[in-house]
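Each chain carries a letter (A, B and C) given by its place in the written order, and its residues are counted from 1.
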Amino acid sequence: MEDTGLYLRHMRETAPLVHNITNYVAMNIMANVVLAAGASPAMVHAREEVGEFAGLAQALTVNIGTLDSDWADAMETAARVMSGQGRPWVLDPVGVGATSFRQDVCARLLDLRPDVIRGNASEILALAGVASTGRGADAADPVEAAEAAARELSHQTGAVVAVSGPVDYITDGAVAYRVRNGHALMPRITALGCSLNGVIAAFLVGQPALPATVAALAYYGVAGERAAQAAQGPGSFQVGFLDALHALTPEEVTAGARVEAA
Amino acid sequence: MEDTGLYLRHMRETAPLVHNITNYVAMNIMANVVLAAGASPAMVHAREEVGEFAGLAQALTVNIGTLDSDWADAMETAARVMSGQGRPWVLDPVGVGATSFRQDVCARLLDLRPDVIRGNASEILALAGVASTGRGADAADPVEAAEAAARELSHQTGAVVAVSGPVDYITDGAVAYRVRNGHALMPRITALGCSLNGVIAAFLVGQPALPATVAALAYYGVAGERAAQAAQGPGSFQVGFLDALHALTPEEVTAGARVEAA
Amino acid sequence: MEDTGLYLRHMRETAPLVHNITNYVAMNIMANVVLAAGASPAMVHAREEVGEFAGLAQALTVNIGTLDSDWADAMETAARVMSGQGRPWVLDPVGVGATSFRQDVCARLLDLRPDVIRGNASEILALAGVASTGRGADAADPVEAAEAAARELSHQTGAVVAVSGPVDYITDGAVAYRVRNGHALMPRITALGCSLNGVIAAFLVGQPALPATVAALAYYGVAGERAAQAAQGPGSFQVGFLDALHALTPEEVTAGARVEAA
């Protein structure tokens, strides 16, 4: 990973349409994050149209945060379209350890071969079938505790697996990276993790999954660092974060990225 | 159109209750926009109560952004109440060109005679039955390309049709105006267009539809221009935009409006 | 009520997981409010998992803002779990006076014995079965008009009843307090009242309901006063409010609280 900023440049030139089936909490901020980054978001979930719409998008994200049975069906339908057309899709297994319903839905979604799975350490541990102490959307487990599970999950599914935390860990099962960007206020703003999925999906279009995911996480973290410089708390941080996603140049991302082989 | 600010003054004195059936992405920012402008928003969609609630409101907005069958039924129920009582309602045909489901729902809603239809050029073209290249909520077509379709749609439906874009175009089929207010950052914030529907609906209460719609768009654009003065990106723009909607006086709107006969 | 700040300190040390079944408008800002205060929010409503999830949470909030039948069932399921385990839950009867559907759902929820009921004066009047002029989520009635109804409702249900307004009124039927904190911009930001429910729920964990509720309202109001100092309108107020919730110390809350016996 030498030039993370090039992935940002490519994404902005492509400005892909990203279809998101995400939770109600995340919808607005996620759309604003994807717009600020330079891509085009659409939030569509109805059974009556989700498959047709997925055919129009360059990438898809699926987030099980506020799940019910209808939405689970829509997620499957859209993911099947993307897999069938060889277009990338990202799975965020929010709170998968919390209820058996979420575990069942995730098992069905994993069969549809997401290109990237992103979660916190507890979620990746739960998804890999390892006992976890997850509660809600918190990341009770440290990232390090989930690294072996991430590699195993990558082997099981063929996906790039990204574990979000103070230091992110991203692996395709063979190679792994750590991204040391970001700021402690980021988990104090709801749905910033969910919103990151949309940025990853946009970066995936026309690019190999592992470096594109690493570059997306580095860009996101550099934006968080810039936002923190003027923030007085989580309210002003969120404002500055959207401004930073919009303002950051590829060169600034490359200069600010702290990526290392793991 | 001489004194756009008078419509803002009348709206604030009336402070109408505006019933909104809108998409999940827009709900929060739309409520905040309507509150900041000086009206009173309510978001109600359940089949069990939507008709009863519509009877309490002075105006209605319907936005098909995150649609499903239940919501489509609720939209019809509420629109029928408003039409039956002679109260104004606004239709926003989000992404109508993208799926056949959206086209079917819009056809049913047009039968209930909206007072105003507002969309981007691609949506107005699609709704008028003209081939379009629309994708998601983007405005891929320029406003000019939709002017003839807007007049045709107005003739077909009896509605005032407003095409949003860098320069807005508003027509009742006979007379037309252009509004040259606004700022390039506005489409980079999600759901600002959806939120405008609530402001239009509030302006419609007790006023003729064409000048009220023009005045609402001018007010919105002037607020965008003010917000842009201090904005450093889409995050701070959104904050400043709500502040500007709240702070602008009728006199400032009249002075800043750039409205011309088309 | 001597030391309101101690309740904030206890809440932050506990950092409880608060399960929220709330309306779509409120979900994002409510999660951000609860995070900024120092607790951990989760938004879960699906029939398939809501009971299982409620068992994991330390407290629950139920808000009927954007209601339908499925959600009403989920609310009952979750409230029954909390009541059965002796864990606190808060009911917000949004717009209960507006439709008979809301009245029916509230009647069912009251049977499950909420620990705290919080609403504006119109809602508390409607819930106590007293004629009201409520429309939507507005507070058309003054707080004083609802004080007798609040005491009666508290007697009927065993709940602490909090009436939000320029001066809040909180009673357990025997003892009552007034909280004179807050700012006039607060009702101009959508869902700040809904979001307060999450803060109350977090304060309730391991504390007696009456003083914990009073302390939560005082903390909220002090944060509003701080936010107003630098705000230029509702947009910047909301940003500063989240910053203030995060930054305020227990000592500052104690110093700023204006609580008196009623």
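The definition used in the following text is that contacts are C-beta pairs under 8 Å (C-beta built on N, C-alpha and C of every residue); 3 or more make two chains touch, one makes a residue touch a chain.
Because the structure is a prediction, the values reported are computed rather than measured.
> Among all the other chains, which ones are in touch with both chain A and chain B?
Common contact partners of chain A and chain B, which must touch each of the two, are C.
> On C-alpha atoms only, rotate chain B onto chain C and read off the angle in steps of 5 degrees.
120
> Over half shared numbers or under half: where do the identical copies chain A and chain C land at their interface, same or different?
different
> Starting from the mean Cα coordinates of chain A and chain C, work out the distance between those two points in Å.
For chain A versus chain C, the centre distance works out to 32 Å.
> Two or more other chains in contact with one residue: find those residues in chain B.
In chain B, residues 24, 27-28, 238-239 touch at least two other chains, as defined above.
> Residue numbers of chain A touching chain C in their complex, please.
Residues in contact with chain C: 23-29, 65-69, 95, 98-102, 135-138, 188-191, 231-236, 238-239.
> Please name which positions on chain B make contact with chain C in the complex.
The contact residues of chain B facing chain C are 17, 24, 27-28, 31-32, 35-36, 40-49, 52-53, 56-57, 70, 238-247.
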